[in-house]
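The following blocks contain the structures, represented as structure tokens.
The two complexes that follow have subunit A in common; it is paired with subunit B in the first and with subunit C in the second.
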Partner chain A sequence: MAKIIAVTGCIAGIAHTYMAAANLKKFAKKNGDDIKVETQGAMGIENRLTPDDIKNADVVIFAVDTTVSEKERFEGKKTLEVGTSEVIKDGESVIKKATDLINS
Partner chain B sequence: MSFKSEMRELGNHLQTGVSYMIPVVTAGGLLMSIGTLVGGTNVAANSFWGQVKNLGLIGLQFIPIVIAAYIAFSIADRPGLAPGFIVGVVAQKMGTGFIGGIVVGLLVGYLTKWLKKVPVPQKLVTVKALLFIPLIVTAVIGLLYIYIIGTPLKAVVDGLTGWLQGMKGANSVLLAAILGAMMAFDMGGPVNKVAYTFGMGCYAQGVYAPSTAMLLAIAIPPFIMFVATLFDKSLYSKEEIENGRTAAIMGIFGITEGAIPFALADPLRVIPSIMVGTAVSCALNAAFGVTQKTALTTLMALPFASNIILYIVSIVVGVLVGAVMVNALKKFTHHNVDQDALK
Partner chain C sequence: MSKLNFLTKDNVVLDLDAKNQKDAISQLSNVLYKNGILNDPKQFTEDVLKREQMTTTGIGKNMAIPHGKSPTVKVPSMVFAKNKRSLDWNSLDGSKVNMIFLMAVTTKPDSGKEHLKMLSHLSGKLMDDDFVAKLKKTNDKDEILKLLQN
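Right, the complex of A and B next:
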């Protein structure tokens, strides 16, 4: 079981941001992985990842069409960067890619 | 870094700028439109509705500035903001608009990012952040813009704006149709974003025909799928019918993504249909010459359309065309609902 954290964000910050977050949670759960998702939408940062979350995570997924806010928090972590559309279309393979990254 | 990820990063910077611009456009455009709608086109500047309109216009002037500052912020983080704002105002005052804002944002961003990497003795680190970077970047890019880039860029921007504004008849209908089809193609994906950014750019330049088409397109795909589920329930699973209702409600509030589940489940029939339906709506509206000057989407912009009846006609016709087409495709190409439900 992997510990995954993720950040999602899209241009308008009203739909893709949250759909991507929902899909990541769905497929991580299906895979038996632990996940926490921070959304960076029109309302700013919600469900903020704590320093502990970040420290304990095995891998970080950035599912973003914009730049991740406060990216320096994730320095030194293994990260996978994709667009929000990729997660919405095929969340399963994004989770798989992320978990593969842990062992690489 | 590979070329592909380099381009992806550049795209993300532009999109970050646009994402910070959206609330500015919404507030400014709406106040301006309300002021004009209630106070009339020749509203006196010092009357109440004149002030509402002014407030909106001031908001709209911030478009190039916010774009410049937040593209720079996206590239170089905090140190990019101050020079981005200052030179952004230069771009705005020189009349280079949205494109000028983008150029300033990129120049400021990359110069700042590069300067951040220049090594300095430990003692000078604070001076560098506090003094050198804001001063050097603002002076260099600002003067570069004033003396070298600004004037030719203004000529290019004016040329483009004039060309878009002068677009009449078949060309404007074609442009609207293309924008509509692009918006519907991947609903929030990369192609949609290109059309969206183009529409927003036109809006920022005060060219309202393309922005009207782009914004009109947003709710058409979810409306098409909602109406399609109403027309023939046997072609859709129970979840899809439920999804159709949610999609329509989301569509009213300017969210196009509600149609995505339909497109994912049956891309070959759904995507062409919503593209055609949306293109029809946009083309028809352009043929009628209807525009709206808010940044609001499809139905929310309705009260601000220059001809409300024709605007509604455009929406209804496009939605009907799309809905009939998708149902016909599903029916005559032996689409099996149960198969999809099993997935």
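Right, the complex of A and C next:
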């Protein structure tokens, strides 16, 4: 069981941010992985990842079409960066890519 | 507007007869205008189409979720529509679109937080296969409203 954390964000901060978050959760759960997703959308940062969340995570997914706010928090972590569309289209392979990264 | 009546039957269009993507967005912008959500439907249509050019909002499974953040929007809202024919939408999975969620958001950061929350919650639900199947199946406005509000 992998510990995954993710940040999602899109241009308008309305739709894709939250669709990507939902799909990551859906497929992580299916895969038996632990996941916490921080959304950086029109309502600002929600479900913020704590220093402990980040420290304990095996891998970080940035599913963003913009830049990640406060990216320095994730320095030194294994990171997969994708666009929100990729996550919405095929969340399953994004989760797989992320978990593959852990052992690489 | 309270959370409960944020979405009413005025936000659901079951017999949209749009010829193409632009026509659909334009007609639904007019619905939002009639619902008192925005001041200038032409401007809003343009803003949504501009957004559409950056990345497609055809998210697959015959659904599209076009949206615009525009100064002409007075209060965050949406309209849900089923179109009579399937439209090309450059979708992620190549499917044609007959279910459209047009979302309108203000450019003011603090207006209508409660509505924004509902729009984001609804966006997330579009990833739920069960929810999508139910929405596809029914043509009853009350049932659709219940699904959207839940």
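Quick notes on this one:
Quick note on the criterion: the second predicted complex is superposed on the first by the 104 of 104 C-alpha atoms of A that agree within 3 Å, B and C clash if a C-alpha of one lies under 4 Å from a C-alpha of the other, contacts with A are read in each partner's own complex, and residues count from 1 in each chain.
By our rule, a contact is a pair of C-beta atoms (placed from the backbone, for glycine too) under 8 Å apart; a residue touches a chain by one contact, two chains touch by 3 or more.
Note that this is a predicted model, so its numbers are computed, not measured.
Partners subunit B and subunit C clash in the overlay (superposition on subunit A). In the superposition on chain A, A:21 makes contact with subunit C only, while subunit B stays out of contact range.
In the superposition on chain A, contact is made by A:64 with subunit B only, not with subunit C. In the superposed model, A:99 lies in contact with neither subunit B nor subunit C.
Contacts of A:43 after superposition: subunit C is touched, whereas subunit B is not reached.
Within the superposed three-chain model, A:12 lies in touch with subunit B and with subunit C [touch as defined at top]. In the superposition on chain A, A:79 makes contact with neither subunit B nor subunit C. The clash between subunit B and subunit C in the overlaid arrangement falls on one stretch of those listed (129-137, 201-209 or 237-245), that is 237-245. Residue overlap on subunit A between its contacts with subunit B in one complex and with subunit C in the other: 11-16, 19, 42, 65, 83-85, 88-89.
Put simply, subunit A touches subunit B in their complex at residues 9-16, 19, 42, 64-67, 72, 83-85, 88-89.
Listing the residues of subunit A that touch subunit C in their complex gives 11-19, 21-23, 26, 39, 41-43, 65, 83-85, 88-89, 91.
Per the touch definition, subunit B reaches subunit A in the complex via residues 8, 11-13, 15-16, 18-19, 22-23, 74-75, 77, 186, 188-190, 193, 196, 250, 254-257, 260, 264.
Touching subunit A in their complex are the following residues of subunit C: 51, 54-57, 59-60, 65, 67-69, 92-93, 103, 105, 109, 113, 116-117, 119-121, 123-128.
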